[in-house]
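Labels A, B, C and D are assigned to the chains in the order they are written; within every chain, residues are numbered from 1.
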């Protein structure tokens, strides 16, 4: 039990500092449902990073953040344009459609990123009542393929979106990894780049649970609190989500953890590529490594280390690192790969 | 900040033993999304209390448990019969209707409990396609009015329900308080009484977050895992919910905490009733006290202690106790009531 | 086959003049989906009756009109207050909840009408995110119990509603019967009485199919056309709905047919009450008669004439008349009742 | 007004024989909501064409048929694979997602048809709770691009589908045109080819309104009647839909009208291609012609004849013929094209 591996940054536990913050917040009574001091302070911490107008609402999980954030800015007759690899398209079991009644329009992508030329063909039928109306472009930062949008790439999408009366949503489940990778502030790749609404993730980077829907260049509808409640995302003991975010953002904890995970991914990619027959298939810009691996060694590797096959026909696997991955684990893992390849 | 009061059992924090369990579960990596040892053990702990066939699924919150549990046993053309005071009717902002597409049929109640004679008029139009088909009777244990169903009262409802092809759902947000109040096992008021599906709560009794949908006399549909995921209730780091339940149920922690809260409510009611002009309006069977209080003292009381007005026109307030309420707090509170009434 | 009876005004066919209108509209090609001359003219005809600001949208059926009209003015976290006997509550199989995600709040009623004192207890929890927000009061004119709201009764509800930021929806499946009964214009019981949105019915009064959602004192959202399309209520060959409404409203056809049906209901009630043991239980103000009838004669009556039992335990039946009911049919029917009672 | 053109087969009116059937059905009273003789006979007529096990349910419109048919065989966590050009994807304003909560997975297509190789990549993640589960493949016959699936092409898809536990849905808005084009029975391209559920259209081929959801190789769930009612597709005066289908199918009316429309499309394509600069871009197998046309003549052509631009950047237009298109109209239209091209 509790064997480490490279399956998911969700398999890691809680960062020790976050656990301390949880323990410290466990004092006495506090108003439930968010009207408490931890939540007020956590809001300010988010505004410090994302700008004064940033308007955050805490929820339980990333899928909740994506679904409610999209729902806040859309009606059921709208469509959302996203990468075919997006979490909202591939990994939320249809939650965005179910809860919001909307249509998702997937855009083909090789690297997890979408660009204006892939988006454009979906922006049509405006005003035509038979056609779902394009309303939101959703991008993931860092992407599900471990790549990262540069600020100017986001700006280009946002400019196109806003010219067409479309909002930009960012699934920031790994936004800390993206900022660390680019060595920029969180604000430079969100508010300043034209993002209207952000799913601000922390669970993949050392939090226990809890994410935030943050309105940036778009304003939260007055009724968003009802949407969150009806969306089953209003935590009664909200202080325990807020206290995590407060600690996460009050120092450079968010940055250090993300940078470390990124570093480990880069190391893993470098070392793995030295093994003959291993090919890294995506740029390693965040904390994920995608690699083509000889098919026959995969089951034996998985006996020792958790990880998932990404593309069965292509024999491509996904290895995720996290805030607590150690260099030793990387070397042990690559050592095993090498031995298995040699034997093969 | 963190002033104690009688507003809600959600305003209390996390029981120290639960906090220890969380800290202890924070070791190394573990498979995300529930395929971990903590979750397996927590399942067994629940089966120990509710019977071998009990089939639990952890979710984030009580509203989630209610909505998904109901959804698991119904289609959108079904109706759910419940007390007009039920949490699903009054306090979930329409989540059961929104997510499941169903109709709720509220039954009038004086004490938060419903009985067959109140349910019966809603069981009609069977097979008539114009009419939502009655499918579930939902009862709350302990009720929103601090009263408790006796095992035989539940059995009577369950018998009626099953004779009519209807399931029994129990919102057990305060089920520990009910069991402690009746001095019975959890099983006697659920599985053995004919309950088909239970929202098993813990947050109001010292957990940080997390509840469980537990299938008892009804079987979980194979697809329930998809319903939970699409319902935005699948926790990535599920071990931290499971570890709480495991600790909660492995000793008599659940019972002690609930009994203490109940005890404090009884004390509060007894003491408060000694003050002239204070009238307790509901039987105090769990951890809530409903009392008619002179209208003018309410704001001054609220300056010192949090609590909510329940029925403005009737000047009835609600006082909730929790696992960490102390006798001293009760005496301080009632002392203040007395001084305010005397002054009045 | 095609035996006449008193089961429903839906069992009648199409008024001959409407059939002629359909035939006459069947000339050549016309733009589909409503951008045609028939639809423009039908809009004007509705504005002639309901006021210049009236903004009608044709749909297929009454349930569609109710659901989309309510949906146009509400979000999923809203509630709709209506009579417990309302069609939206009892006879639409949960369509308002399913499509709109809203909550219905039924108000007890003896005569199918609701009043401010029954509505008021549901207008609570405003701004409280746990509680579905009251948004619409829906009344039925004429009611499902064959009674009719007077203009001043509607005004009183509308005034209360508007003071509380609530809209008034009218299910006007039998609005012609109500207007004929009161001998007032359609406008006096809708626009002028403060109704915000009307489901304007015709099918129960001689049309083949088609109803209209008409915005009166509330404005249609720009996006209503998308709501109608996504709501599966946009007719491709819309001219055939419009042509029916055009004929229905261009002369006093709507009034004559409704008045005749009302007249026949009054005659039926009068004659039936002459039979010992028959008791009419509701005021006969439109085209429905509710009567307590000796239990044993019901099956024998039904062998000859269609009709439905309304309240089994009370032995109350419902008899509906329609535009084509004849005096002879009434006398034949009552004759049979008398013979069965005499034999009994 | 009522100018003919080539915009849509929905712009045509009602076939005279259908109008007669409507008039003849307008006799006396008949039970509402489908328990009438017309509906029984129409069911038999459909079974005559589609096989004894065919189980039809009448609805108002094609979007309703598609949405409810798909909904009958799926849960909200399912996905539906279809052509990117499918009506359910492009032209129903998100109704399938809104009503059913499902995900649509569009497959690229050049000719409106999909094949196993395009479907296959979407059949993945089976049993994985994060991923919408593939449940239905939906094909359109004739396609939105005027092409037609051969029986063996349908069989190939159905075989693949059934091997993977997937149903086959056919949007048969123009199924008569497909059968006439292939010179096969309706059964050969539906029941016998493995189609599980059919949206059986008639409105585009001379009916006034009304379509049918027909269960073929899949069984209707017992509750389908509730789904239809809650889906706002249950007609009160259903006999008028049934009477149309009865007439449509009792002789070869359906075939003659479709064949004529197809014929006219072929003639239009042939004649138009004789004009220099006009290029027909899709095989003309049913009643639609897609053609690349000099951009500058389009607005002038549209002044005289209705039609829609299909692909603005490619200057491709869509011309639809219908049961009442005449050769003279074709020659007039092509004559105008020629004059405009010559002038150009």
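We adopt the following convention: contacts are C-beta pairs under 8 Å (C-beta built on N, C-alpha and C of every residue); 3 or more make two chains touch, one makes a residue touch a chain.
Note that the structure is a prediction, hence the values are computed from the model and not measured.
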Winner on C-beta contact pairs when B-D is weighed against A-D: A-D
Farthest chain relative to chain D (centres taken as mean CA coordinates): B
Approximate Å spacing (C-alpha centroids) for the pair chain C, chain D: 33
Whole-Å separation of chain centres (CA-atom averages), chain A against chain D: 41
Between chain D and chain B, distance of the C-alpha-averaged centres to the nearest whole Å: 51
Two or more partner chains touched - positions in chain C: 33, 76-77, 92-94, 98, 101, 129-130, 226, 229-230, 234
Complex interface listing, chain C residues touching chain B: 76-79, 90-94, 97-98, 101-106, 125, 129-132
Contact set on chain B toward chain A in their complex: 1-5, 7-8, 10-14, 16, 19, 22-23, 25-33, 36-37, 60-64, 67, 92-95, 98-99, 203-204, 208-209, 226, 229-237, 240, 306, 324
Residues of chain A touching chain C in the complex: 33, 75-77, 101, 129-130, 133, 223, 225-230, 234
